[in-house]
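Shared between the two complexes below is subunit A, which pairs with subunit B and subunit C, respectively.
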Partner chain A sequence: MGKEYLFIDEKEGLDRVDGKMKVTGKAKYAAEHHPAGLVYAILVNSAATKGRIKSIDTKKAERAAGVIKVITHANAPKVPGYENAPRTGGNPEKGPTLGQPLRIFHDDTIYFNNQPIAMVIADTLERAMHAATLVKAEFDTETFSTNLAANAAKGVPPSNAGRALYKRGDADAYKNAEVQVEQNYVLAREVHNPMELHSLVAIWDGDDKVKVYEKTQGVKSSQRAIMDAFKLPEANVQVIAEYVGGGFGAALRTWPHTIAAVLGAKAVKRPVKLMLTREQMFTLVGYRPMTVQKIGLGATKDGKLTGITHEAVAETSMYEEFTEGTVNMSKFLYECPNVNTVYKILPLDISTPTWMRGPGEATGAWALESAMDEMAYALNMDPIEFRLKNYAERDPERNLPFSSKFLKECYQKGAEQIGWFKRNRQPRSMQEDGWLVGYGMSTGTFGAGRGRASVRGTLSADGTMTIQSAVSDSGPGTATAMTEIAANRMGLPPQKIIFELGDSSMPPGPTQGGSTTTSTLGSAVVDVSEAIKKKMFELVAKEGRGFASAKYEDLSFSRGEISQANGRGAKIAYTELLRKNNLPSIEITLNSQGGNERDRYSMYSFSVHFVIVRVHPTTGVVRVHRAVGVSDAGKIVSRKTAESQAIGGVVGGIGMALMEDAVIDHRFGRYVNSNLADYHVPVHADVPKIEALFIDKPDPHTNPMGSKGLGEIALIGFAAAVANAVYHATGKRIRELPITPDKLTG
Partner chain B sequence: MIPFQYVRALKQRSAIDAVLKDKSAQFIAGGTNLVDLMKRGVTAPQKVVDITNLPLKEVVLKNNKLLIGALALNADVAEHPFVVKHFPLLSLALQAGASAQLRNMATTGGNMLQRTRCPYFYDTVLPCNKRNPGSGCGALEGYNRMHAIFGASDKCIAVHPSDMAIALAALDAVVLVSGAKGDRRIPFTDFHRLPGDRPEIDNNLVRGDLVVGVELSQNAFSKHAHYLKIRDRASYAFALVSVAAALDINGNTINNARLAMGGVAHKPWRLFTAEKFLAGKPATEENFKAAAALEMQTAKAYEHNKFKLTLAPNTVVEALKIAAKV
Partner chain C sequence: MENESASHAPNGSRRDFLKQSSLLTALALTPTAVIKAAENDEEIASVFEKVPLKFEVNGVKHSLSIEPRVTLLDLLREQMKLTGTKKGCDHGQCGACTVHIDGRRVNSCLTLAVMQEGKKVTTIEGLANGDKLHPMQEAFIKHDGFQCGYCTPGQIMSAVACVREGHASSPEQVREYMSGNICRCGAYPNIVDAIMEVKNGGNKI
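Presenting the complex of A and B:
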């Protein structure tokens, strides 16, 4: 791996390259495309939770003004890919969701409440909405269950238990320890609720070629799903997602509504737009599954961990097994001889959950890091001191060195910033303005992955460099980060870099998830930049003119010029070099991926969250008064977007800790707060000043930039920090999220 | 959404006539609640009569009375200098409601007429006696965390969602109504009703009645008033419990107290017993607690809102402490 790390201006960084487009409304999102002849689709949902559609009457809807077609299971054109569909469905590039993805309008089976049972297509949105109310269905209903909390004991091991079932040393060793903590922690179901609703515009060209503008975190995986469903070759399916208004994981998969709209457009032979309603966002595009966890911790009296047990039961649907890494961090975050983990799922009559920011690791950290705080108090130790006493210098799970780990530095930096050691550690000992004050902290960690990406780099004779890759940018600022990487590597000002993404016809890039985009794609950008520089080197070497004897290593590529690194001798501008060689451009497409470094090192990002909360003593109102996050995400390649990522993670964490709770009335199997008035996410008034700090030290092994992922660790652990701070403020331990006022007053 | 006809009224009389003539017609002003209800299919007027052109936007102080036109926007009323100076309780309550965007659209009349936010009322698939009389109360044995602890019936345990109305109830406002038989005045505390056996009826208006304004009398509460709203997030959330507290204090003695609660009943809930208890007593935390406790004797909670039995009196005490500055 290269020893040369990117130079990033620590103070300035680059403004978001698409920021102006977004805030001025010029950025076009999927549903803002209006091709000629566009018609509008609305999904009609099941009022039943389980059973079969007995009858469905579409006559009134079909007769309503402007209606072009009403599609149901009874008349839907066949989706070729639905026949004999393999049971290992979901996103073919992402294995964990096993089973048969919901085949929309395929048959009369109802798996969950609000499942789509019909789609109305009309010439205007309003007419489609009206006609949708005229579709009447009757059901043969069956008894159902949607209640994880009441049935957690019925959890079963998933088919692909994978890393979930784990033992090192003795199981349940905590039960023999001098000091023990054993508690259950409940996480409420959370819904991603990105601002942009899932939507697409499907445009067929004949009956074997389709172009789709879609909200997706992966244009290539969407393309693949549509190719599979309609049995089309890659060249005949184009998916475009130039701008995406937030995803948080909800747009990682291709959901059934996409297939419905593409199918509808084919059936009516006109472009079709489908946008989900906010209510449909709760049932049709995944959610963070409710999870019940048990943590058992055992320690010696002087604070050495002797046993960790982590058990989790999470909900999934009846037709797919969704699993995630809820228990994973318990295996390696702390040095402990005896660790066992058990992960189970409970299939219920609900739709399939999916990754939501942080994903299972955020769920797991909420439990583990709450229990760690409980143990620190049981030991009468400072929570940081307790963690340092059990600090893992090597990965105890894989018995490998970490590629880099600056977690100690995170603890130190954050503690200093927030004044951790100046607080009075006694619970309920601090007050300000009549409010109880509490300090809390927690640790977060997530795998620092790197996948495979192709990019095309084109250096033009006009001095601009265009880089293209079929990735989406759901908000983290991928185009900005890539521009910074390319600018630094190419020795060009960022204004000369044009990063193009969001089109499946570009070289295949990764799906944006799991905190890997910068690592994966950035490496490819580095590689293509280096390849172009080498190509230029060949040209100058050929040219002679003072470069004849120069070695590549001796040259500097800076300010758009090639020169001797020692500052003496010849110089030539890239533009001049290309013109002299009669080259309009140098274009290189390459594929980039890591080597075997993953076999030699454990690669993780780390974060520490510190918060100060204020809790009102009689009304139970909790306010996050201050938040300091310190991330060990390797070398920071894009300062401003990294800060935005970290700040956004905390905002999401405030929601997770204090308010998000998607409630199902289990008598009906139906959500009772599926809107943004009743499902609460933080508003500005809930968000204090957030201090996002970085260790900013390169990892020598992850990738050529020395970066590690940041998106997930920005959230992971935050909820535990809040719960721990609430305990410090009040002396009351809340083990069920969200921490709403009722839990502190009742 | 069901197709409907839209007409714009230019005269008060013609607006009222339009609604009298057509049983399925409804007035529309800011539309911040009605349009939602129409989209969800909760209500389906075949005609909406837009009254926003009527001359009912003014806020004037005359003969020691403040007259707030029914079409005065929540944002404008909240910031009106007369209101801020003489009726700070109303200003605070308005600012605690909804979001800035909604307050810029919502009107005084519409605010008091907004319908409950009970999820069973909003979802046409679920039972609700208020939306569909006789279908049952979904909340009674359902998700009733947000629901009433006072004055409910087994037909309906919904609460009124307005913040503004809580302050108006505390301040003994009068609702000015124009209708088929001319004009009348309804004391604010008699304006909304309890659900009883007819939860589909929110208030004591009859068809054709148009709220034209609200009248407030000058009072001695402006120095000691507070609206305290406890909710699940800092803004843009309905009250778990809210308290409008207004005190007329001389030295440390309470001459008069006005108290109303939101988030606890089908109507703004006046705390007459507590008010009576406090009159003539020193403004102390002990007295506030005793007053709140007296009021709670008639409270009844359900599975998910038991916390309100503690939160409600605590919030009363807090609001009184802030109002009294003790």
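Presenting the complex of A and C:
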């Protein structure tokens, strides 16, 4: 397939097609639309953590200059979709219910600190901000609990255990093994904090039609949420997200503030803009839940795994049951006869968590891959040798072949690149420039799925090909990858491909999440390109003139021309063909999805992370000195954007490993570091040169490109690689993230 | 940023006082705006709470009347519709709002618009020369120094200043002097490559 990239330097890859818009500031994100008559909304948050609103005084705010309306539970217009939905709020004694999103301004119940209790709408931003400070509320408070670590034993099984409760062979078999490791691993709460604050502009046209510029990873799913909330038909709700300033999962679902702003715009009969504050980003748009895990590993003395036990307890809110695949990889990553997993959740008086990049798998990999390193040291084996000894050639969970698996090649390539086997394996044996030096590695894996997507392809007589799909791109580079795929398949230079996205009125595309966009949407782009080529073939065959007896397979579609693949005979440009047939364009809309390959193969992407850390012996400061990531993500369809995606995962991993920790003061149930100065994320100075390598071999079964997902595996496992490197550097095993200096000096 | 004097004044606010006293003065002076605003007495206060601001943005002179509490960032984004400058935290913690004021990089969320009297502000929209991109913009595209693009205007404005300041002598120095600009997608290594290329290109930027 590589050689078909006629106009794209495959080694370099295509520059981002939306790059110029982004570097010139012309790219418009959700809050950057200014329809006539626009007014501003600001949310007022609860100071109480649990209880009821006793009274709320909005008079001062209402009298303030420029204020148009103050909405609270006492006067909020009805959200029709809220009314017949089941009552929210799990009963802790019975365990949580599946619930529904927080029904904003629906009643006086407070479920978490900082829950919105009012929304002020004013004619300018400053006036709305000021008036919001004038709203005063009193609460009847109740005793609350926000502390997972202290209450993990109270975790309950989710109502839909799904794959989480699993047993192969004997449970807890590790307890009878010759060599045993049993440890607990704690993951701190992480907040996505994309740079763009969650925002929207809602514009009603009459009472039953609304257009919303929204920060979302799924324009169709946002459209659906608004349709459901306001009981509107699909044609009456348009969601637009042409540019999205990062998501990492936080914009996968439609949050209550969106419903609030749409409701507000309807109430004041003017377009409303709402942009959350950074502080509100900590409680209103999800986070990676704090999770306490236990891993038990058993092995023979020569390093064969005999038992894996993986238990997890994660926090969720009182009104929704959030679960993720934390324990999944333990079932299939290694060949082991006895495996059991348990996944529980603990409802607390906090807001609902959500998927954050790598989601549960990143949480699980941190524990499993730390424990694997501990076991390797317990066995006095090299961690790679130990992993290879337990390498799963087939999926031991489903007893199916993998669609492709080049994990061994990842281990080898990464080890060579970083000089793994040249290190001294003894902990605390290496030093440089007065710093302790440590090498660590880990494995990551994530399902390589392909969903369903519709696209519209239009080949115009001017030689351009326009492809449209209702997807959004929060940063990975969807339009760029799709342009490369279409250019390749259509035999057109990338400059002639126009990929349009970000509008729910386009043919329905997938939500951008779970590392599936390229696989799902790219397949649809391939299908529509092939359909248009077949249509052109019908036209040339009809025309005769040297093509009369040609078979489709014998034709070459290249450089905008149809010709005989053998290089002899007739040639015709696409543009000429359309003109001759008096066709302004060929337009095809189709739906694309995979077949039953998922029943025949286990499909996963794999990654291996290698890091060198330096640990300061006195201060305990950990610096990631070098990072090498090797990904088996199938065929790489867009080199440049893929490298950035891999690099970005590592940077996220540095945050997860060393910095990120959203801290709640359990006396008040309130975050104490809900800003970007106190919630530490990696900055330039924290990030070394990152080497992103790819196996770049096509998977024959996933999709027509042979690609597999990359966004998640770029991060999954990285934190364990750092923890393992810290152990190698210092001899101290840190089992609680983030690895801050206090944990190494204590 | 909020004018709190109103709530500190005993019995009635400065705003109320302004409304009453200014009405008399205003009628005497009869500026049309005030007469018109008198139809809604809340608006009278706002007329008198605005101050004039003359400054230059991207080479264009502006003469505005603004509330003193308006930040430069919100003035640019909400009133002048120059949305290339981004709001990422509104607290001077992320650098997404970086602009140049008289050639120095500044977090526009932490500076009031009224402080820019007589100053020259350059935003990302003013960096390119017509259709010709600034070398730093070109280098960001070439090295893929972004994913979502939201921190990018701030990164680029900061990067240009970083080179001009003489703080780009090595990748290590760039990393240090660019650390006020957060990129959550993690494009840092590519940003450093872009800056080093522009620096090593040797052209005056």
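Observations on the model:
Following the convention adopted for this analysis, the second predicted complex is superposed on the first by the 723 of 746 C-alpha atoms of A that agree within 3 Å, B and C clash if a C-alpha of one lies under 4 Å from a C-alpha of the other, contacts with A are read in each partner's own complex, and residues count from 1 in each chain.
Everything below uses one rule, namely that contacts are C-beta pairs under 8 Å (C-beta built on N, C-alpha and C of every residue); 3 or more make two chains touch, one makes a residue touch a chain.
Remember, it's a predicted structure, so these values are computed and weren't measured experimentally.
Of the two partner chains placed by superposition, only subunit B is touched by A:D665; subunit C is not. By the touch criterion stated above, A:R425 is placed in contact with neither subunit B nor subunit C. When the two structures are aligned on the shared chain, A:H130 is found in touch with subunit B and with subunit C. Of the two partner chains, neither subunit B nor subunit C is touched by A:K408.
By the document's definition of touching, both partners, subunit B and subunit C, reach A:A685.
Applying the stated contact rule after C-alpha superposition, one finds that A:A677 touches each of subunit B and subunit C. When both complexes are overlaid on chain A, the residue A:G652 reaches subunit C alone and has no touch with subunit B. One of subunit B and subunit C touches more residues of subunit A, and that partner is C. By the touch criterion defined above, A:T24 reaches subunit C but does not reach subunit B.
The interface of subunit A with subunit B overlaps its interface with subunit C at residues 126, 129-130, 133, 677, 682-685. By the touch rule above, subunit C contacts subunit A in their complex via residues 1-3, 15, 42-43, 45-46, 67, 69-70, 74, 77-78, 81-91, 93-94, 96, 123-125, 127-128, 133, 137, 140-142, 144, 146-153, 156, 171, 174-176, 178-192. Residues 1-3, 41, 99, 117, 119-120, 123, 125-126, 138, 141-143, 145, 228, 230-238, 240, 306-308, 310-311, 314-315, 317-318 of subunit B are the ones touching subunit A in the complex. If you check the complex, the residues on subunit A that touch subunit B are 47, 126, 129-130, 133, 616, 618-621, 623, 658-659, 663, 665, 667-668, 670, 672-673, 677-678, 680, 682-686, 740-743, 745-746. Against subunit C, in their complex, subunit A makes its touches with residues 15-16, 18-29, 31-32, 34, 65-66, 124-126, 129-130, 133, 192-197, 243-248, 275, 277-278, 474-477, 640-641, 643-645, 647-652, 675-677, 681-685, 687-690.
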